[in-house]
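Letters A, B, C, D and E mark the chains as written, and numbering starts fresh at 1 in each.
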Amino acid sequence: MLDAGKAQDNLLEVNNIEVIYNHVILVLKGVSLSVPKGGITALLGGNGAGKTTTLKAISNLLHSERGEVTKGSVLYHGKTVQHRDPASLVKAGVIQVMEGRHCFEHLTVEENLLTGSYTRAASRAEIEQDLELVYSYFPRLKLRRKSQAGYTSGGEQQMIAIGRALMSRPETILLDEPSMGLAPQLVEEIFTIVKNLNEEEGTTFLLAEQNTNVALRYAHYGYILESGRIVMDGPAAELRENPDVKEFYLGMSDEGRKSFRDVRSYRRRKRWLS
Amino acid sequence: MLYREAGDFKTSYEEDSQTFPIRFDRLAYHGALVVAFAIVPFFINDYWANAVALPFLIYAIAAIGLNILVGFCGQVSLGTGGFMAVGAYATYKLMTAFPEVNIFFHVLIAGGITALVGMLFGLPSLRIKGFYLAVATLAAQFFLVWLFNRVPWFYNHSASGQISAPERTVIGVPVTGPHTEAWATYLFCLVFLAGSALIARNLTRGATGRKWMAIRDMDIAAEIIGVNPLRAKLSAFAVSSFFIGIAGALFFSVYLGAVEVGEAFGINKSFLVLFMVIIGGLGRIFGSLAGAAFLVLLPVLLKNTLVGTLGWPTDLAAHLEIMIVGALIVIFLVAEPHGLAQLWRITKEKLRLWPFPH
Amino acid sequence: MPDQLLFAMEVLLNGLMAGVLYALVALGFVLIYKASGIFNYAQGVMALFAAMTLVGIMEGQVPFAHLINAAFGTDLHVFGWQLSGLVGIVLTALIMIALAWAVNHLIFRHLVNQEPIILFMATIGLAYFMEGLGDLMWGADIKKLDVGLPQGINGWIDTVTFDAFGYGFFIDNLDIWATVIAAVLVIALMIFSQYSKQGRALRAVADDHQAALSVGISLNFIWVLVWSIAGFVALVAGIMWGTKSGVQFSLSLIALKALPVLMLGGFTSIPGAIVGGLIIGVGEKLFEFAIGPMVGGATENWFAYVLALLFLVFRPQGLFGERLIERV
Amino acid sequence: DLVFPDLSYRTGPYAANGIPFSDGYQDYMTLLNERDGGIGGEMIKVIECETGYNTEKGVECYEATKGEGALLYQPLSTGITYQLIPKATADGIPVHSMGYGRTSAKNGEVFHNIFNYPANYWDGASHAITQILNENEGDIADLKIALVYHNSAYGKEPIRTLEELSKKHGYELSLLPVDSPGQEQKSQWLQIRRERPDYVIMWGWGVMNQVAIQEAVNIRYPMDHFIGIWWSGSENDVLPAGEAADGYKALTFHNLGSDYPVYDDLKKYVVDAGKAAGAGDQLGTALYSRGMYAAMLATEAARTAQDMFDTKALTPAQMRDGMENLEMTEAKMAALGLPNFGPEFKVTCSNHGGDGLGAVAQWDAKAREWSLITDYFPADEEVLNPLITADSMAFAEENNITPGCM
Amino acid sequence: MSLAEQYVADDVAETSDGYVTADGRKIGGVMMEMRNITLKFGGVVAIKDISFDIRQGEIRAIIGPNGAGKSSMLNVISGFYHPQEGEVWYNGARRAPLRPYQVARQGIARTFQNIALFEGMTVLDNVMTGRLNFMNTNLLQQAVWRGKAAREEVHNREFVEKIIDFLEIQAIRKTPVSRLPYGLKKRVELARALAAEPHLLLLDEPMAGMNVEEKEDMSRFILNANDEFGTTIALIEHDMGVVMDLSDRVVVMDYGKKIGDGTPDEVRNDQAVIDAYLGVAHD
């Protein structure tokens, strides 16, 4: 499944991992993927496919959800990371933007962003500068900088979560559904930011995304996950042309985009695996 | 497959919402009832009744009550001791004022009185939440204890402020006072426990229970979908206090026979019952029983092992005992934060999958 | 009546001092709550444990002597040294740090992201454990603690006020010391939590364990840090209360005195602990002075709680506590 | 074997008081076994059971030990005593609540199985007033007396007696309750400082005692006008206050110190033989002596029963009769190695409380010891007896007991 | 008469005016009207003098950039926020400031942007909470259970099962919701809201975090609810495809102000809307 030729410059490698929640719920049934250095890799799939779980398995946030990687390994820079705590992974350069916002409610917007620089030994001025950068990406946040994050709107919280991760100047960002709840033009903007960071700073991205359309436009490579298994992978451009992907993930039929009003007929969906 | 659930198909919603949907569980439950009601009474002696059975039954009632408040409605209360005292003093007053009425009704009315007091102290829960509320309920605890200690009317002006239960009978068999038989007190409390568990189960599986749980899980959302928070919280306080009041009444009249409020219904009692609820599992009726059993039995067991079997000095044993209880609480929580009931459930889930992992 | 007024003033002053002593205990609660959302029931027991350890170290007691003697038939009791208070305090502080480390690694590391009530329960288990451990280590007898703090009526204030009003005020020297120490502690802690990056991290952790992990805040580090500080605060409280009434089991119950303070000041506020302490101290003493005789006295136990309760009805997060965020 | 359960508490808030008492109780029994081969040739078996001063554990201990043939309970807790009164009565096992428990149990016609000799709380209250009377040439009409008490059933015991006595003697009584555990007593002592009562009587237990004495020292209250009940008169209570506690007085119903032949034996047969119940460091302390005294009274009652029934092994019922016919004489005590240790008294069916003799001890902080400063003197029976009759009859009525001797 | 029936009766009187949509559905009279609503939080003005209406039977979309005040508007409708100025008219009468649960009893149900399911309960129980306003046995009857309470339970359960079938979540009926993935939670939330047989259904970003196929499913559910139950729907959504396809009329908000109101076609060609929100003209 993996392109063997690329293996040496893979920054992050996930080998055949299995994840169990609460000792009984088997969620990932052998997932392997690799993220090349300096690439944007997309992880696609429907609800409950296991995207979030995969990302958490990488960033070691599973423990706090009573989940466990029972098989397989995760390598970062060729070294296993399963036994490191999430904080040290962040120091090593891997940061995750969690799905569903997860802001620090009682902290102000600005304090939230500043927590992102917790692991950095940067000077005050540098951090100040990065803060301005984030504000320039999300002017809305600057406006609300002194309000408690718990009282900001859904989209604003999403911006905080992304901005916070940017503040840590990571080598690799695991983005879980960055576009969720954002206005259309902001979605484009976020992906533009991703692209810029990737191209200018060489930041590596692994993004789990439901918005397949945008994701495949910006990603270099994509994996499609279903029911805890990778069912398809390939360069983004190829995936975009795949008829199944087109139908189920891009909402295109042969006649072009369908209207949401026209899909009212009941229809069983075809699955690769189930 | 040790534990079967497959093959149990329900054909009506009524069947589906019954307490033990799985046949194996249902059998076990009926078996337990038969043993508890028809077999244990023949074997129980004074030691087992007074040292183990009565405290277990009574604490289980209190734990069910508190579980309704904390586990189902999410309102943490540390006033349990005070509310038990209300139940105890109410029965005492009733027993001495209306000696001709059956004690069974005294206990029930005492529960009702406690329910009213509970609602009164539940009023602040509309504004105060979380640990703030927990600490605020301590006001009830301390105030009630002070009140019963201070106002002589409550203890019929006895010289020392202690209250002691006179002898009362149920169908001619004494259940309070010095001349009780182990089996009689046991059965009397068991009836109340069985009744409490049944009522608690009925309330929590229906609309009321859902209201409580909705408030517990997210009170704002609950209000937006149509739950009146005032009524939901106060009803939880009322029902919970009702059971706690019954437990207090039995604790005083049947189990101890004489109590002094500060000693018997102090803050420690509040904590003890809360531990039972959490260790057993929040929001599980079965958890309350398990928690009560755990915290009543464990110390007795430890003591008997350390002192009786191993022959250690009692003070060493006592220190070790409390260390072990503490350590076990932590170990259980680390193993399964949602209590013994959840541990049991997961074990069942594993059994169901056995011998195939996953 | 000017006499009554003078008495009331004396009561008020003493209330303030008592309040400071309550605040010392409350401070430990606040720190841990602030950094993890854990309501640390064990704080009182920690104070007891710290005080016991301090006495044990100063007097050179052999830890677990009773257990060892029972198991091996030996007759160990003391090492035979006497240490000064300062050395004792330093050594005890080190032990409290070790304890903080153990608590984190054995308990709370495994309970990340659990509901507050479960964490609360774990601290109760911890309290039980430490209570047994303390007794087992150092024995259950009453110990006299003397680290050289003066005790008894302050003669100077007595004379000065006597000259001024014709009635000498009673102020306890120990209370004056407690006030000074508490002031230093509170200022130091406020600076720490307000102006350091760890301070911000503390609050972040309390809000959302997982998100804190995800931005690279090490819960282990934060928790060991605050539990250590809370351990130190417990030691200070233990010294104060232990000097007052001897080191013994009841010391662990002072936690109950701190709870209304906490409610009033807000669970998350360091200055709140002090202000709350003062209000509670003054309130309960004045109430006992003015109303107590009419209702038969001994109102102090409940009055503080009722006062705090009434206050909360108007301000559910206490004086300086963080507001509950209510949003959908 | 003669089984004597020892419901002790070596943990919990009152451990510091429970430990020496239990040590004394057990060591004395051990002494009899080691030195004399038991009582009348029958060995004694002590079953220790830890209650932690907790009533429920007390019940558990009672139930666990009663099946072993327990002859007598000495729970050292008023709460547990109340618990055991109906239970032990139903089981026919005697309870000895020495200087605590239910005062009206003195009326043996109602409380057949309960004994509280040699003195009870109400006696104590009366002793305190008598002492004050003696110090003031019999005129205390103008005096102010404050009672600082543990706000519990135990602490409230003396109130009625003191009120009755105040009617008789004319002193002004003020009541200052201290809530359990009693670590904060600023309000009470500020009030005392303000009102300057001529005497302070204390009814405390545990940490409350130390704090009260410390606070009294702090406000420079004259210590010799501060009188504690016997449960507020142990070394634990005065030592923390150091030198300044000098002169503090406490009531007692037995002598103090370790200047008795029996201590030589205890050292020789028990402590040095490594058979001590505790660390062996409590010998001669007030509570140790009290525990030992309790054991002595218990074993003497057993001896009395053995003589009465001419048997070595005893049943609880026989033990009860032994208790009821116990007579302590100076000769007896001297023979036991305790000359002048306690008052002489005789128990009867109608009087389970002895003669209510008490004495006053004073603390000498330099020498670190208690010494009796009075002889044993009686309580004011004239005032107390009606109270006792009233309270016991009320109990009899509530519980359908027809008073009378068995 | 159940609550729902009551409200149907009230509504009928209102359907005097209205319009017919492109696909031939008949839209009735004004059901809910917001008049000059202004909502402030301290210094933040979340909604500034906005008026619009929702008609019987229509699907009304509210769109706008993040932080525009859309969710706040829904909160005003469901009584969680009380505006400083302005009036809310419902069923032809001015609505007094009500507590949220009273609003819910008037037949208004909703879903939430940051899913607000009851995490400790199963899917079934969550959906059953939607029926609370139809269950009115008292505490005593419920304690006894047999008889009225049990009947009521079964009766409502039947209705809920219909909803469960309708939304195709039969398989997860007994699963605790905390274990569900994000998308399914959204669906359960919809089920809970539908179970209340609402007159007005407020949906706050029901399709966030879903892929196209799931959005199609969701669209189908929303349309069917509108069709089969005649439920009026107010919908907030950022996916323009969905909004344009589903809604009959669209309100556009920006920084608390209303910048547009009209049919999807009118809105998407409005320059102000394009500048503030859409960025590029959407097809």
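Everything below uses one rule, namely that contacts are C-beta pairs under 8 Å (C-beta built on N, C-alpha and C of every residue); 3 or more make two chains touch, one makes a residue touch a chain.
This is a predicted model, so every value here is computed, not measured.
> Any chance you could name the chains that touch chain A and chain D both?
Both-contact set = B, C.
> Using only Cα atoms to place each chain's centre, name the chain farthest from chain B.
Of all the other chains, the one whose centre lies farthest from chain B is A.
> Using Cα averages as centroids, what's the distance between chain A and chain C in whole Å?
45
> Roughly how far is chain C from chain E, centre to centre by C-alpha average, rounded to an integer in Å?
The answer is 50 Å.
> Report the inter-centroid distance (CA atoms only) between chain D and chain E in whole Å.
Centre-to-centre distance between chain D and chain E: 75 Å.
> How many angstrom lie between the centres of chain B and chain C, each centre taken as the mean Cα position?
32
> What are the residue numbers in chain D that touch two or more other chains?
Residues 10-11, 15, 19, 151, 179 of chain D each touch two or more of the other chains.
> Quick one: which residues in chain B touch 2 or more of the other chains?
As it turns out, chain B has residues touching two or more other chains at 146, 220-221, 224, 313, 315, 319, 322.
> Can you list the chain A residues in contact with two or more other chains?
151
> Following the definition at the start, I'd like every touching pair of chains, please.
Taking the chains two at a time, the touching pairs are A-B, A-C, A-E, B-C, B-D, B-E, C-D, C-E.
> How about chain B: which of its residues touch chain C in the complex?
70, 76, 124, 127-132, 134-136, 138-139, 141-143, 145-146, 150, 220-221, 224, 267, 271, 275, 278-279, 282, 312-313, 315-316, 319-330, 333-334, 337-338
> Would you mind writing out the residues of chain E in touch with chain C in their complex?
75, 80, 112-114, 116
> Can you list the chain C residues touching chain B in their complex?
33, 39, 66-67, 70, 106-107, 110-111, 114-118, 120-122, 124-133, 135-136, 140, 256, 259-260, 262-263, 267, 295-296, 298-299, 301-302, 305-306, 308-309, 312-313, 316-318, 321, 324, 326-328
> Considering only the defined contacts, which chain C positions touch chain D in the complex?
7, 10-11, 14-15, 18, 66, 73, 77, 135, 140-142, 144, 151-153, 170, 172, 241, 244-246, 248-251, 253-254, 257, 284-285, 288-289, 292, 296-298, 300-301
> Which of the residues in chain D come into contact with chain C in the complex?
Answer in residue numbers: 10-13, 15-16, 19, 151, 175-179, 181-184, 186-187, 190-191, 193-194, 206-207, 210-211, 214, 217-220, 236, 239-240, 244, 274, 279.
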